[in-house]
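Per-chain residue numbering starts at 1, and chain names A, B, C and D are given in the order in which the chains are listed.
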Amino acid sequence: MLGTSGNLSAVVQREPLRLAMSPSGVDKGELTAQQVLTIDEDARIVSDHAAKPSDESLLHIRITKQLGAGAVLHTHSVWNTMLSDLYAADGGINIEGYEMLKGLQGVKTHEHREWLPIIDNSQDMPALAAAIAATLERNKATHGFLLKRHGLYSWGDNLAQAKRHIEILEFLLETLGRTLLAENSKR
Amino acid sequence: MLGTSGNLSAVVQREPLRLAMSPSGVDKGELTAQQVLTIDEDARIVSDHAAKPSDESLLHIRITKQLGAGAVLHTHSVWNTMLSDLYAADGGINIEGYEMLKGLQGVKTHEHREWLPIIDNSQDMPALAAAIAATLERNKATHGFLLKRHGLYSWGDNLAQAKRHIEILEFLLETLGRTLLAENSKR
Amino acid sequence: MLGTSGNLSAVVQREPLRLAMSPSGVDKGELTAQQVLTIDEDARIVSDHAAKPSDESLLHIRITKQLGAGAVLHTHSVWNTMLSDLYAADGGINIEGYEMLKGLQGVKTHEHREWLPIIDNSQDMPALAAAIAATLERNKATHGFLLKRHGLYSWGDNLAQAKRHIEILEFLLETLGRTLLAENSKR
Amino acid sequence: MLGTSGNLSAVVQREPLRLAMSPSGVDKGELTAQQVLTIDEDARIVSDHAAKPSDESLLHIRITKQLGAGAVLHTHSVWNTMLSDLYAADGGINIEGYEMLKGLQGVKTHEHREWLPIIDNSQDMPALAAAIAATLERNKATHGFLLKRHGLYSWGDNLAQAKRHIEILEFLLETLGRTLLAENSKR
């Protein structure tokens, strides 16, 4: 996670909801256990920290509650940023026929079709959370989504699975991006 | 080897065949010696492990028996995935004229022509093993093959040689992929 | 910072100006605290070193004085070099609509428009410093600039912020460069 | 240096010539001081080693003698391999106008023009050494050359300078390669 970009959360308790959440403005490569906040379902800090939770805490809470995820990860990479832009007009990216898809929870064959929705970016977090909720409602089987010119969200039952999903989706996005370039040259 | 993808095997004993084999679903970057399974020629675990052997164990066994290889490696990379797709209709990729080819066992000159066959991917392991066997029968001199949108297989007399072959083929695939792009621009 | 390329400075004292400055001709990856020079506002060494200050010290001094920056960083990367060339005729590069822009000091929304000016390279340091001063006078809000076929300059209140600005601008330049390639293929 | 590819030499003594030379077939990333051979001007081992000197020892000797170099480095990279192929018909690559050129010994300005000759690859080492000698005779100011679909040679007064030259030439080759792609897209 470059500079202060990206963030992560993990469910500590379901009822009432408590999320371990990375703080705002901290270099994630240097994140220490002491810096991790605990927040409630309204993104208020319930641990003993003077820090500010990430602006995107509301998005993590929404994903956690709607999907029952145990952990949520969000990354900014060159490939996910550029493809979220390039395919924005299509509303998403279709990823199909790759063996690597089998690393996504519940996928048994490379013949799986993963639709990765792209949602317009916004600084209005409640509005963005609502847009994400509506997108996830329409795409119940998806393992992640892109925010346009912003980054990738994925999740899992726990942090290890969420990390595996991020790695697989990043791999497939880079593969799709490079294939797009090469296909054009091969014609 | 990204996430849980890729796998490796090495011959422990020829008669009856015993292969040291990476387990299924384990992050290969964190693979420990204790996790390595021993399997027989029917992919049954003969070591004291509750784990599941990799789904692709049958492919390793077939390659080992047919070619007398001492070790087999399988990798998923962005470049091997995209080129296995891009050249699938050609049935393979021709690699010719590169000094780096001399790193492949038995190759003495850059004027060597390496034909890297591409085989359709499948989740039916016995059928895929049979397709691989037929391809290797027709291409006795090859040092590896690609599974479409899946990855690269290579092998050697031992793990060090198999690793060298994988590194060389990955290098050459990236070189071919980038050349394809640049050739088009230079015209 | 590759080989002996790139350099960095940080303000030690404002009145009279004293800059900690990387020396000329030293591999920056192996730079030690003992090698860091202290220079005055005419780029004369005031610390006890027999070394030569970087040729580009005058540029660091000018940026520091004009903008009140606390630290200045200069990097040579493949992406910043090629884009400084490709967009030179446009006089700069427009970076707009990326979430990552929010990592630049004072930027609150992805809807920010960052104009990164491109200045012709020169070995005449006083002339180049004057060209930079004129460019910064016309572009008071910019967080960096490019020297054509040479590299990127950025700055901040301190070294940590300057480093964050460099990382963000490098990320965005690579994203723009790759998008340029892919857009063309997608059409 | 990938796998067993690439090699390096350094002058130990001028009269009679003694070169410290990397052995053949050893993984250069794992090269130890004990493995380094000493050879004479006919590429015969004069140190107490049972090893075989690199096939390309004759090329190192020729470069050392003709140019008075203190060290020679040879690398295989994806970018140097593909550009040595792409520009082979032009006989070389022109690198001009880059600040990074100033890292090459004796170059004082970015306005320098570096002509990097490309020589056809061969397994006949005496013939290849002769072709290199003729090329260097015609291009006395060059800091390196490419062997087609093979790799890059550079040199310096000592290993540190040779390494700096290799790093700079690799940087510039990648920059040229990426610029070629992007220029085409920007038109």
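Basically, a residue touches a chain if its C-beta (ideal position, glycine included) is under 8 Å from a C-beta of that chain, and two chains touch if they have at least 3 such contacts.
Since the structure is predicted, the reported quantities are computational estimates derived from the model, not experimental observations.
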{"item": "Co-neighbours of chain C and chain A - touch as defined", "value": "none"}
{"item": "Type of chain A:chain B copy interface by residue overlap (half), same or different", "value": "different"}
{"item": "Remotest chain, chain A as reference, centres from CA atoms", "value": "D"}
{"item": "Between chain D and chain A, distance of the C-alpha-averaged centres to the nearest whole Å", "value": "45"}
{"item": "Intercentroid distance (Cα basis), chain D paired with chain B, Å", "value": "32"}
{"item": "Junction residues of chain D, two or more chains touched", "value": "181, 183-184"}
{"item": "Topology of the chain contact graph, where touching chains are joined (line, ring, star, complete, other)", "value": "ring"}
{"item": "Each pair of chains that touches, named by its two labels", "value": "A-B, A-C, B-D, C-D"}
{"item": "Residue ranges of chain B touching chain D (in the complex, touch as defined)", "value": "97-100, 103, 108-111, 164, 167-168, 171, 174-175, 178-179, 181-186"}
{"item": "Residue numbers on chain D that touch chain B, as the complex places them", "value": "2-5, 76, 78-79, 81-83, 85-86, 121, 123, 147, 149-151, 177, 180-181, 183-184"}
